[in-house]
Amino acid sequence: MSSRSKAAGRGRGTALKIYGTLIFVFLYFPMVIVLLFSFSPTRTIVGLSGFTLKWYQELFQDPGLLTAFWHTILVGLCAVVIATVFGTAGAFFVTRAEFPGKGVFRSLVMLPFLLPGIIMGLTLLIFFRNLNVPLSMFTILMGHVSFTTPLVMFQVSSRLLRLGPTYRWAAMDLGANPVQTFWYVTLPMIRTALIGAGLLAFTVSFDEIVISYFLTGTWMTLPVYIYGMLRFGLSPKVYAISTIILILSLVLITFMARYTGRSVENYRVRKRNRA
Amino acid sequence: MKTENAIELVDVTKKFDEATAVSRFSVEIKKGEFFSLLGPSGCGKTTTLRMIAGLEIPTEGQILLEDNDVSSTPAYRRSVNTVFQDYALFPHMTVQKNIYFPLKMKKIPLSEARPRIERVLRLVNMEGFGKRLPQQLSGGQRQRIALARSLVNEPAALLLDEPLGALDFKLRVAMQKVLKDIQRNVGITFIYVTHDQTEAMTMSDRIAVMKDGLAHQIATPDEIYNDPATAFVASFIGDMNFIHGTVRENDGKACVLNVNGDTLTARREVNLEKDAEALVCIRTERVQVNPQRSVENKVSVKLTRIVYRGTDYEATCLIGGSELRAVVQAVAWDSSLRVGDTVEVAWSAEDMIVFPREEEKDVIKYSVEAV
Amino acid sequence: MKRRISKPAVFLRGIPIMVWLLALVAIPLVFTFIMSFYTSSGLVIDTTLSLKNYKVFFTDPLYPRILFKSVRLALAISILSIGAAFPLAYMVSFKIRRGRNLLFMLCIIPLWVSYLVRIIAWRTILGNRGVINSVLMAIGIIEEPLTFFLYNQFAIAITLTYICIPFVFIPVYTALEKIPRNLLDAANDLGANEIRTFLNVILPLGLPGLITGFIFSFIIALGDYIIPMQLGGTQGIMFGNLVWSQFGFAFNWPLGAALGFILFAIAVTILGLTSKFGSTEGGFLGE
């Protein structure tokens, strides 16, 4: 680590750190504002005149909002399940098969995640229109599946590539047929990647508005509902629900960080050492 | 007729698209033999091993396991097991579960398997390690567990792919002894892939020396050292001198050559005609400097370099533009010799090996350009 | 690299993902492409093929103008994002010794914490009764709330930059982390001070990450329609709004399809540039 300080000057470092801290504050300041506003009984911040849970209480009395919240969870769970199945299958395919144009194929699968949501939204809208499918939970679900699947596929294939083919060879060499190899060796070794990818997919789906807004009829998810609320101005209820979403996302991210970026080995050793 | 062969390869060839990795490799490996595949990287030794394991299917030829043709049998149905270079211990299983794995695939219940697991752990000196996880073990320990895991099923042959490559020197030497002892005790056929010639020479009953997919020689270490079949084998094993010469006479039992004006005799079968260009080879330790007793081949030279190497001295001279090196034990060295002195270098006729000049391109050279 | 084609059996595993690709990506795109050649009059869609929509795009000055405006704004946003994210990434990668992982996570968190909430936050901050105005009025600098913070391109720019900073941070940080530290030692040893090390070693090696980040930010900014709708007002109509309105009030789906397809073509071309000039690394959470 001393090499870092050797190559780095000292004065320069400080200026950079100040700038970096400013950016940091810039990143978090808006979220803190929302948090503060959700507890403030009035609409202005200057003179934070009190602390109230009034707005949170109003949330629970809003049936439309509660339904939308439930819808969002439902869609999230379903999308994650579907995305995991298709994404994992895709990951195995992409890491095991060789064919010309494989890179293009991979890029095509990543498209729904990389392209602006408006493009995915309108293509799917036109698609469903042409097939006379009414806008409902199904269409929103399909929209969510479209951008969560590449996510899962990317995470799982990264893990598969990192593990390498040796474990599979060893398993087969020791007498495991392909099914047994998958079940007893490969699957346990990608377990944490699957969980991490699932959490990530759920988080992204939970918050999604761009595509959902295109594909929504009367069946709404939470972000769409909130967006509707914004039409009537910024009522403090909005801050309350925003804060809840913030906290939920943070919790999900923390869990996800525990699972991704660490391989199975480290996680289990830690678990054992605690036991 | 019950066979003596554990494994037989008949004209096995493996091509990847246009590139040939292994070319018409045939060998009969006897039961209980310690057989090594030796050669530089890319010579096809690992591919050959994988074909025996069943992880690759030969493009042509057959692989017989105890006289049964298993050429297209998948790996999980062959009774051979492999120890991989990076051990490939399953990180999510304990040592015991790792070793139990092959037995589990055979549907043997854990109660029945336990004594076998214990026995094999004892064999590799790792008793009591059953509950540990692979990442809690050192390199050498993992290696032994990998060995145990491959042995627990009592396979017909054990395949080892450069298993000691990741260990440091002293550990490697110790493990060589361990492996050899285990092989002798258990009596299993070992097929061992390595690029380290010392390893192969010390452990093997027979060695196949390979280059570019071809087996240059399949023989015992003694034969490979003293009777190399090609210039490549001569250069890959041990320390060999190479100088140019021309054939003067060849009566089938001995061959007389003209080397830079001197007349030298090689007392062995040489496959060259009169006037053919030859590559003359002598082991550096067989070259004597100012010998006291009379030796058949003698050349008068000037010393260009003397290097003290602790146990011996390496003296270099030039014969017709090629370097000739003599390695003399320190106790036998005349310490009055200096660079520039004229000396006689000599070797017996039996120690001289002759190859056709074309084979010089296969010779492994140690020079800056060769790197 | 062995360029060979796997045996047919291997492709069986690929069936699910190929079905997915067809159903949710390929076919919708094809339908959209086809629809872009239809025309619409009132509520009826005429399915005779025609190039009218594309002609409109190229001839009616409205569309190219708005597209140009959006591109310009997206470029500005991307530059701002890099201006914020790059020094931050540099700081975390080279100047922080302990707790780097935690700091990295902290820089990433805004990315995953609700796009919508972040928009709400900025509406709050920039509005007439928002934070900036309230603070300024409380201090006494102004009497009336300033209206130029919201409902214009400035609001869009600052909000989108805020959104894009983490997107730029990830590829830049990944690229910087990949630079072997002993290169810095070598440069130092050969006589380079920090500025020269930066210019000659760090910047060139980190450039692919920078390019990737820039492109990500540009595409996000170009295609967004929610933020312009919420914060742009009448001054801040962007290309995204234009496309969206064809599916909303304007109800001209074929035109929307055509505009959408044009946007698609632009985005795909630019993404193609990433794989050529940028780095394709940057797992989404350090995987």
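Observations on the model:
Going by the order they are written in, the chains are A, B and C; count residues from 1 in each one.
FYI, contacts are C-beta pairs under 8 Å (C-beta built on N, C-alpha and C of every residue); 3 or more make two chains touch, one makes a residue touch a chain.
None of the values given here were measured: they were computed from a predicted structure.
When every chain is reduced to the mean of its C-alpha atoms, the one closest to the centre of the whole protein set is A. Most remote chain with respect to subunit B, judged by CA-atom centres, is C. Chains A-C form the pair joined by the most contacting C-beta pairs.
In terms of their C-alpha centroids, the spacing between subunit B and subunit C amounts to 58 Å. Chain geometry summary: the mean Cα position of subunit A and that of subunit C are 17 Å apart. Rounded to whole angstrom, the centroid-to-centroid distance between subunit A and subunit B, based on C-alpha atoms, equals 54 Å. Each of the following residues of subunit C touches two or more other chains: 2-4. For subunit A in complex with subunit B, the residues that touch the partner chain are 166-167, 169-177, 180-181, 184-185, 188-189, 263-266, 268-269, 272. Residue ranges of subunit B in contact with subunit A, taken from their complex: 53-55, 74-77, 80-82, 84, 86, 88, 90-92, 101-102, 104-106, 133-136, 149-150, 153. Taken in their complex, subunit A has these residues touching subunit C: 1, 3-9, 12-13, 16-17, 19-20, 23-24, 26-28, 30-31, 33-34, 37, 43-46, 85-87, 89-90, 92-94, 96-100, 103, 105, 107-109, 111-112, 114-119, 122-127, 129-130, 142, 145-146, 149, 151, 153-155, 158-159, 193, 196, 200, 203-204, 207, 209-210, 213-214, 223, 226-227, 230, 234, 238-239, 242, 245-246, 249-250, 252-253, 256-257, 260-261. Interface residues of subunit C facing subunit A in the complex, by the touch rule stated above, are 2-6, 10-11, 13-17, 20-21, 24-29, 31-32, 35, 84-85, 87-88, 90-92, 94-95, 97, 105-107, 109-110, 112-118, 120-125, 127, 129, 131, 134-135, 138, 162, 165-166, 181-182, 184-185, 187-188, 193-194, 197, 219-220, 222-226, 230, 240, 243-244, 247, 253, 256-257, 260, 263-264, 267-268, 271, 275, 283-287.
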